[in-house]
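A quick write-up on the structure given underneath.
Chain naming follows the written order as A, B and C, and within any one chain the residues start at number 1.
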Amino acid sequence: MIPKLKKQQIMDLLSSGRRIDGRELEDLRSVEIKCQCVKNAEGSAEVRLGKTLAIAGVKTSIGTPFADTPNTGVMIVNAEFLPIASPTFEPGPPDENAIELARVIDRGLRRAEMIDLKQLCIVPGKAVWEIWIDIHALNHDGNLMDASALAAVTAILMAEIPKAVVNEKGEVTIDKSEKQKLPIKNIPITVTIAKIGDKLVVDPNLDEEEVSDAFLTATFVNDKVCAIQKRGEKGLTMEETMKALQMARQKARELLKIVKGVVGSE
Amino acid sequence: MPIYVKDWDLVVPGEVLAEGDYVAGPYVYKEGNKLLATTIGIVESKRGVIRVVPLQGPYIPKVGDVVIGIVIDYLPTAYVLDINSSYKAILQATEVLPFQKNALAEDLSKYLDVGDVVICKIVRFDKYSDVVVSCKGRELGKVVDGRLIKVSPAKIPRLIGRKGSMINLIKKETGCKIVIGQNGFIWIKGKDPGSEVLAEKVIRKIAEEAHVSGLTQRVQLMLQLEKGVDV
Amino acid sequence: MIRPDGRRLDGRRPDEIRELKIKIGILENADGSAYVEQGNTKIYAAVYGPREVHPRHLALPNRAIIRCRYHMTPFAVEERKSPAPTRREIELSKVIREALTPAIIVEHFPFSAIDVFIEVINADGSTRCASIIAASVALASAGIPMRDLVAACSVGKINGVLVLDVTDIEDKYGEVDMPFAMMPNKNEITLLQLDGVLSLEEIEKAISMATKACKEIYEKQKSALKEKYIELRKAVEESAKT
């Protein structure tokens, strides 16, 4: 339970344009991205957004394609909110929040066509690359969504997958000596805006999340929106929605620059 | 100051009833300048206060209400009653035990058993704890015969009528003893099963037609017709 | 999928929603219930509550908790779906709950639960919107105090054209699926998702289209709720004349 005093403090500060951690309404927390920190994963990234920490790993394997898309690779996104990250998380299979987060990030990646899945076909109709993206929350101090999305996107950009070799008999073997990056078409960036009272804030921390009325998460690609998820138990007016999307788009441009900077320098 | 509805109009949640200086009565809320309904019900507007009389809805316990409960469980020194609400009612065993008997030493089921029907009064409820009831008093206590029927708690005010006029009419014409629980349970005891059946029929008619004006005349007519058939 | 005359596969214009049928009170054990048909999408919704919360530790001391279970029957879709809850059903249960909760005055019932159950018996697109239409009237018919009803409608994009109330085929082969729900009198959006690419301008247009449709749908929800009372009133007044 968040003490009433804290909620009052947050609301009072907001009405004078400041937030409880000193940020302005449209400020992101500090962003730190560590790339390829996991040797055994094909791709990995750890993202620190303020005190929130999330790690994403990309693993690849060879599998059979879906029947309705026989020449297309497969991408699966999973997220775990484990007790390590917060006293409020319980052990067990992903709960509705973890499932929602994974599905929102999945939609963002898929609709942005970040990975060109059509280039991941090995033997048409029989063998394709499976790209497994696993996200683990390590410390929850608010906005796991954006931290996780950033980690997933960076891990995918950095991932190096081995080569698949098909012999005359049609058998597939993996050649680990030759590595290549995943075929990337676009880079989606996810930004969450929280509504507290009648104010909209970017990248809510945990205290702010606990007093928020609603959240709007939007994933941007080339300045357009490819995924939206409204969360929370209150509503938003159309004006608030459009304003939030505009704020988010601005932040997405900033984050994209940061990601490109980090990945480019690797 | 426009008012968009008149008495006896049927409204649903969110319907805008009026705009301006009106006062929001029960089941109405004010947002900015508008008054909106919060439940499915009938509009009643008097002296600038607009309220909605609900046609459906759960029972919300209130201190002083007479309620009829069914024993469902025991605690070390009390009974737990189902009162047709999301809140359970607690009846202290001392209310039912003879004087000087120690509740902890007694077998509580000797006095009230699971399944017993008890007419009681709410003595304490503050939304944060279970309801506390008492069955000490006239017309309160365990009932052993008659029948128990259940109607939507929203219909109870209509069943009772202005200053009890409706329920007294039914009691008089059917010759039945009737206790109405605010929680939707009604206990009927007649001189014969026939009068109990008639009382139940009338009660159900009132519950179904609560939203149609002229109910009192229809009920009087029904009672006369039914009794005419009986004679 | 858009014909040369501008109409869709089923003959509808882009801004036309499917025929909507709403019946209240068909599940008698529930405190409130509704059956909705929107084209071939068929949904049952039932509301139980406010009632005691089990397990107890989930109860909140100052308000009711809302629980929602969106579930599809195995035979609701073309290829049989396992009855076990899928990740999609778990996500949809959450978004539907969050679409309805803003409308419910939960502060009236501390320590209680209001349970909403939704069974999709035939799915032909926009099931979460039809579910919200059904659940919202089920809640109102149970007499649960609400600030407003919740109406819902999806927006799609086919061949570059924004369309309302997508069917399954339009969802599968279209470019966009944007489920939307709102409280029509308060003008507040309670469900907004997007799966597909839209510019901010298109999103604004889509929200306007969906808002207009929701206000139409609200009128149908209102009539459905009042129907049985009005018919009874007519019957009583008729027999009083004789």
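By definition in this document, contacts are C-beta pairs under 8 Å (C-beta built on N, C-alpha and C of every residue); 3 or more make two chains touch, one makes a residue touch a chain.
Keep in mind the model is a prediction, meaning the values are calculated, not measured.
Remark: the per-chain Cα centre closest to the mean position of all protein Cα atoms belongs to C. The greatest centre-to-centre gap from subunit B, using C-alpha centroids, is found for A. Here the spacing of subunit A and subunit C, counted between their Cα centres, is 29 Å. Averaged C-alpha coordinates give centres for subunit A and subunit B that are 54 Å from one another. Mean C-alpha positions place subunit B and subunit C at a centre distance of 32 Å. Residue positions of subunit B with contacts to 2 or more other chains are absent.
Among all residues of subunit C, those that touch two or more other chains are 183, 186.
Note for the complex: subunit C touches subunit B at residues 31-32, 49-52, 61, 64, 103, 105, 108-113, 140-149, 183-186, 218, 221-222, 225-226, 229-230, 232-233, 236-237, 240.
Across the complex, subunit C is touched by residues 96-97, 99-100, 102-103, 107, 111-112, 216, 218, 221, 223-238, 241-242, 245-246, 249 of subunit A. By the touch criterion stated above, subunit C contacts subunit A in their complex at residues 87-88, 90-91, 93-95, 98, 101-102, 178, 182-183, 186-200, 203-204, 207-208, 211. On subunit B, the positions that touch subunit C within their shared complex are 10, 12-16, 27, 29, 31, 36, 38-40, 54-58, 60, 86-88, 127-128, 152, 154, 208-209, 211-212, 214, 218.
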